[in-house]
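All remarks here apply to the structure that follows.
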Amino acid sequence: EDAVCYNCPPEWADWASMLKALDEKADVKMPHDNKNSGQTLSQLIAEKASPVADIAYYGVTTGIQAAGEGVVQSYKPKGFDEIPEGLKDPEGKWFAVHYGTLGLFVNVDALNGAPVPQCFADLTKPEYKGMVGYLDPASAFVGYAGAIAVNQAFGGNLTNFEPALKYFKELAANSPIVPKQTSYARVVSGEIPILFDYDFNAYRAKYKENGKFEFVMPCEGTIRVPYVMSLVAGAPHAETGKKALDFILSDDGQAIWANAYLKPARPVALPAEVAARFLPDTEYERAVPVDYAEMAKAQAAFGERYLAEVK
Amino acid sequence: MTLHLHNIAKTFPGGTQALSPTDLDIAEGEIVSLLGPSGCGKTTLLRIIAGLETADPGAEIRFKGEDITSQPVERRKVGMVFQSYALFPNMSVGANIGYGLKMQKLPRAEIEARVDDVIALCRLEPYRARPISALSGGQRQRVALARAFAPRPRLLLLDEPLSALDAALRVQLRDELALLLRQFGITAIFVTHDQDEAMAIADRVVVMSQGRVAQVGTPEALYRAPETPFVARFIGNAMPLGGTIAGDRLHLRGGVLTLCAAAEGKTAFVRAEDVKIDANGPLAAQVETVTFLGTHYRIALSGASDEPLYCLHQGLYAPKLGETVRLSVAPQSILTLEEEKDAA
Amino acid sequence: MTLHLHNIAKTFPGGTQALSPTDLDIAEGEIVSLLGPSGCGKTTLLRIIAGLETADPGAEIRFKGEDITSQPVERRKVGMVFQSYALFPNMSVGANIGYGLKMQKLPRAEIEARVDDVIALCRLEPYRARPISALSGGQRQRVALARAFAPRPRLLLLDEPLSALDAALRVQLRDELALLLRQFGITAIFVTHDQDEAMAIADRVVVMSQGRVAQVGTPEALYRAPETPFVARFIGNAMPLGGTIAGDRLHLRGGVLTLCAAAEGKTAFVRAEDVKIDANGPLAAQVETVTFLGTHYRIALSGASDEPLYCLHQGLYAPKLGETVRLSVAPQSILTLEEEKDAA
Amino acid sequence: MSSRQFLALCLVPLTVFSLAFLALPLVRLVLASGEGNAGWGVYLQILQTPRYTATLVQTVLVSTLVTVAALAVSTTAGLYLARNRFRGRAVLLSILTLPLAFPGVVVGFMIILLGGRQGLFNQILPGHMIFAYSTLGLFLGYLYFSIPRVLLTVMAAIEKIDPSLEEAARTLGASPYRVMRDVLIPQLAPALVAAGAIAFATAMGAFGTAFTLATNIDVLPMVIYTEFTLSANIAMAAALSVMLGFATWTILFLARSFSGAGVAAGG
Amino acid sequence: MTSLGKIVQISVTLLASAFLLVPTIQSVLAGLTVNYFQGLRSGLTLEWIAVVWELYASSTFLSLGLSLACLAVTLVIGVPAAYVLARNPGRIARAMEEFISLPLAIPGLALALALLQLYGTFKEFRISWTFILVGHVLYTLPFMVRSVQSVLAAIDLKTLEEAAASLGAGPVRRFVDVVVPNALPGILAGALTVVTLSIGEFNLTWMLHTPFLKTLPVGLADSYASMRLEIASAYTLIFFVMIVPLLVTMQWASARAQRISQ
């Protein structure tokens, strides 16, 4: 059976394995789709009258907005109840499927001998000129999450974005690379030596790719964010979509995330050898959740300001 | 009358009146030339006859009595030979020639047979399978003719079919064409702006000027008895003899010539071949240039008339530049004509 | 000698030998025509003289003694008039004419003055400010000439400068051109494939054939004493008289002609203007076609020689089709020539 | 069937297609631009928002620079290739025209291979030669896809210039440089305008290259894309599209009228 | 040429050629090396090609299929239209030509947005490949029309048709017997241009495609963003292999068509 998932790219969060498992174990075939969260939402809105997608995957704030826009419908897959409060819409319009922690994904070999940066603040130093990348905060959820993390790190909050804007302006002097989409491969290839990205992408590189990769939990602290999924309103293959969502939240599905260094949304224990590959829990203490609903509300305004002010 | 044209006029959308109302009758088997300077409406008239252009309302075209005024071209059964030949580059010589027969839906075998005939007639046997691009200008001309012949048209229209050729070939093909047309007794209208060509090929020549028929007649009649200065100039390059006519005397700068009859108020014309160098001639003139042309010298003379006069001089030796010579012109070779109101 | 050409040959990269080694000398103020059929190498020779093409090694070009064989074109000070005129479409008439002077870095005032002169000379005053696109063919030709004249070149080269024009204009401009060249005593080389044009304009004509000079001489000399059948045919369209020569007798199908001298082994030629209809003539022939040409009739005759013979007949009346007539040819008008090995 | 009827019939497919898929959608696009919160004020809003106006100016600027550079490079190379015959000429010609159909994304990738961190230049001179993500990178990317189309138009025009014009100038004493200045360039002017227009239009609408290069430099197509993906601001995206299309078309139209010739298709 | 002028010309020509050629060579090599950053020492491999083929073969076939469909449509629409435009080269024809050439002047993104706005709600259409096809036809049609038109304009079509008419051929026969065969060089050149452009089209397709209908360039954009360099390069290599022979043939065909129209 065929279904369409928006924003299920094989090179992100190991969707490659997930899509394969869906095909093999749940008999759901879904094509790869390389959007980002913002693109996904826009596409859903643009196609509202006649949807193409059945399910969608995006950062939590985008999910909240999607619910607000009425482009998704309620669905509570098996295991919905086990997802902690706050990480799901009570009506099931969106619900977390895994978490990630935002930090710095570093290709150590590509640093040309510069030390591995430890803090957000380090990145504005001249030695990292041209080496830093972050996804466009006005478009990609990762980008926005990075901005929130930076903002909090320098004393801002969800009503005051001055610190983040100031930071990005300073960073602009260091010629950052600002893609719109997942850029895992560019870090791996060394094209972008330091990328604002999630721990799971960094671990995957660290343990699967040739070369030396690190995940850095910035010294100033950072945020944890859930990634959520929804059943699209008016999904053309709603039943197949539900089947896929069920599988993703099932033990099998969550184990696939876990094996890919994603913290599952349901309280599923990480296998020991996987857990050993994460940074120590002490490091993770610096990663805090935020009020995702507020974060969602502030997103559009921040995007506007970012576009207008950061050059 | 095979072809009867009545009140044929043509005003183009822009407002150009290419053709003033024109009448013309052409007999079966006759070859008629439309002759005139560029832009005088020859092509327009021909295309109206073919059905490629619509005449202004009120026109009447009859063919053997049948009114064909509003028949579309593809049903008029007129053959047409174009200036550029308009051979189909995508077809072989044979296919070009057979195309009209194919359009008549004749059986294949008959088409083949008739194409064979026409090809033999036009001496095109060796070229039958060739593409058009592999033919010389003269061969193309023959294919164009053969193609127009093959469906046995009731009337053959030719629009300057020789003008794309160089001088030598043009003369040769003009003679061949005349022969073929006569052999087959084809009624034909032949457009040209070359007087030699018109005279060489046609039974009758229609001289046109500015959208009007200036004179119709046999080549000899037009040459010998032009009715207007335009025709005199156009056929045989008659030169005006600028001076005053008193009774049958023509007073020129270089002397006085005698006319056959009194012609006051008219203008006198003469042709270069009728101006003779003659020690006893009545006119004096200076030699301006001498050009050797093989059979004769062409000599430009000043001082005889208001304008320079040319003389075709035969003989082994020519007078020298600057020399003063005397000229005579026989009275019967002087044309006396009324100036037109509308000078052409 | 103003221009001395020695051992000029040209083989194009593809291997075409366009010109076999050629020598030619041209005197100051002389007008020389290069005449010959298409592809005989006229343009190639002219372009080598101009410096637009390099001759094969071993060539020598001297101008008033100075060796210019390897001088680049822009320093040769030769004027050139192109077949297509090659006027600069982005410049006015005046700017075109002044361009060569500007390249000589003359002061502005002097350029103006000299352009004025040339413009007056060529009667182009009303057109000075016009763009080239607003000129007629004849006017363009005059501008091209004026542009080449203006820098007072040592030598003027003209490559078929009249061939783009229609017949009437061609004759008129040819006469004007001849006049201008002579008035200014300009040394000029004039390429053409039209014998009338060559003869009308040149002091000497160089007849070329297949990359070689066939004969050089004055127009009269070439016409009256061609040295080869090729020249005889090309100048004045001499026709071969196919038959056998025994002593000074020429035996033809239609009778026997007398020659001026014994000419065994040679071929006899005659021109149409020298074939006379003469009741007492020695040759019998049938009239095939009669074409009225104004000054005369052109009559095709069969049965006299192996090939049809043409005759230019003057007089008011012509013989009828199919009639048998008798012909005479004066012995001195029969050309007896050796056939070339390389038939042209 | 009469000729007239047949000709009319021949136009039916084109008319139906371009009405349904060009005229109507464009009308819809214009209407959509007025359907946002700002209504038709969206156009005023664009003009009053520095980010948009700056981007528009920047886009025109980059496109203009690219056009000028492409004209200079392609005319120089085109003149050389059209007027000289030598071994390897065909190969050079192929190299210079082959990228004609490379999509913008591929062109962006080519620039990264040249000027990225791992690019050729940075490998030769490590640490100093990363330009793929700068304005220079974008410029080079646009130049990359402009050179072939300009070259083709210019060469076609050069081939049509009567060589005897150059020869005439030389017989009048003009040096090769003067021949170029006085004869060739004026002759080429319409083709240069036409080719420039094509290069300009392509650069104005280029999306894939900027997309792949992921530069921080805003060009209008990127902004349109961002508007569309930033909370689906369809009205603004539509309005910006209308403006971009209108600006480009106007410039093309002016160029075409000026040059008097149909703007040649580059590919 | 003065030596200096010539040196400048040669240098510019060679530099421009190098600028266009070098990255393509890099890309081809990258697609065939085991590890691009270690260089050729790491060895050559077809592994990346195989990976790409597995992931994206379908997009290659989709692009091929689309380009052929696009060709068919542009032929049906473009050839008769070019014929009419060539026959009546007046103001209306110019306006018509101007109009269908709009997709060359209006950015693909804007056109795609326009199509989405109008037809996005027709679900069956929107999710089928014909929706992308419409975009490709919009973009390529002017090339077909111009290519055919310029050949037709050069062959004195009017007289040829008049000749056929004088031999008894009606309008349809004239079109079939005279117009189409003589337009063939233009049709061929146009066809190759259309196929080539369709295979490479990204700007419109990016907005019009659905996840099921990724064309080759869309796949390329994906791979540039998220695949390792070797894979992206191998994918580019596949694109080159498809497009370069087409381009070479296209140049040959347009040179031929151009010779005819001179």
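Residue numbering begins at 1 within each chain, and the chains themselves are lettered A, B, C, D and E in the order written.
Operating definition for what follows: a residue touches a chain if its C-beta (ideal position, glycine included) is under 8 Å from a C-beta of that chain, and two chains touch if they have at least 3 such contacts.
For reference, the UniProt names are B, C = Putative spermidine/putrescine transport system ATP-binding protein; D, E = Putative spermidine/putrescine transport system permease protein.
Every value quoted in this text rests on a predicted model; they were computed, and no experiment measured them.
Asks: Using the contact definition stated above, find the chains touching both chain A and chain E.
Replies: Both chain A and chain E are touched by D, going by the contact rule given at the top.
Asks: Counting C-beta pairs in contact, which comes out ahead: A-D or D-E?
Replies: Result: the pair with more contacts is D-E.
Asks: Please report how many Å separate the Cα centroid of chain A from that of chain D, as a whole number.
Replies: From the centre of chain A to the centre of chain D is 37 Å.
Asks: I'd like to verify one number: the distance from the centre of chain A to the centre of chain B, where each centre is the average of its C-alpha atoms, in whole angstrom.
Replies: So the centre of chain A lies 89 Å away from the centre of chain B.
Asks: Can you give the whole-Å distance between the Cα centres of chain B and chain E?
Replies: Centre-to-centre distance between chain B and chain E: 53 Å.
Asks: Where does chain A touch two or more other chains at once, residue-wise?
Replies: 46, 179, 183, 189-191
Asks: Quick check: what residues of chain E touch more than one other chain, meaning two or more?
Replies: 36-37, 170, 221, 225, 229, 232
Asks: Which positions in chain D are in touch with at least two other chains?
Replies: In chain D, 2-3, 112, 118, 175, 211, 228, 234 touch at least two other chains.
Asks: Once the touch criterion is applied, which pairs of chains come out as touching?
Replies: Touching chain pairs, listed by label, are A-D, A-E, B-C, B-E, C-D, D-E.
Asks: Could you pull out which chain B residues touch chain C in their complex?
Replies: Where chain B meets chain C, its residues are 167, 175, 178-179, 194-196, 199-200, 219-220, 223, 235-236, 271, 273, 289, 291-295, 298, 300, 312.
Asks: Would you mind writing out the residues of chain A in touch with chain D in their complex?
Replies: 36, 38-39, 41-42, 45-46, 65, 69, 110, 112, 130-131, 136, 138-139, 172, 175-180, 183, 189-193, 299-300, 303, 307-308, 311
Asks: What residues on chain E touch chain B, complex-wise?
Replies: On the chain E side, the touching residues are 155-156, 159-160, 162-170, 173, 177-178, 181-182, 184.
Asks: Which of the residues in chain E end up touching chain A in this complex?
Replies: Residues 35-37, 55, 116, 120-123, 126-127, 210-212, 214, 221-222, 225-229, 231-232 of chain E touch chain A in their complex.
Asks: If we count contacts the way the header does, which residues on chain D are in touch with chain E in the complex?
Replies: It comes out as residues 1-3, 5-7, 9-11, 13-14, 17-18, 21-26, 28-29, 32, 73-74, 76-77, 79-81, 92, 94-106, 108-114, 118, 120, 140, 143-144, 147-148, 156, 160, 175-177, 180, 198, 201, 204-208, 211-212, 220-221, 224-225, 228, 234, 237-238, 241-242, 244-245, 248-249, 252-253, 262-263, 265, 267.
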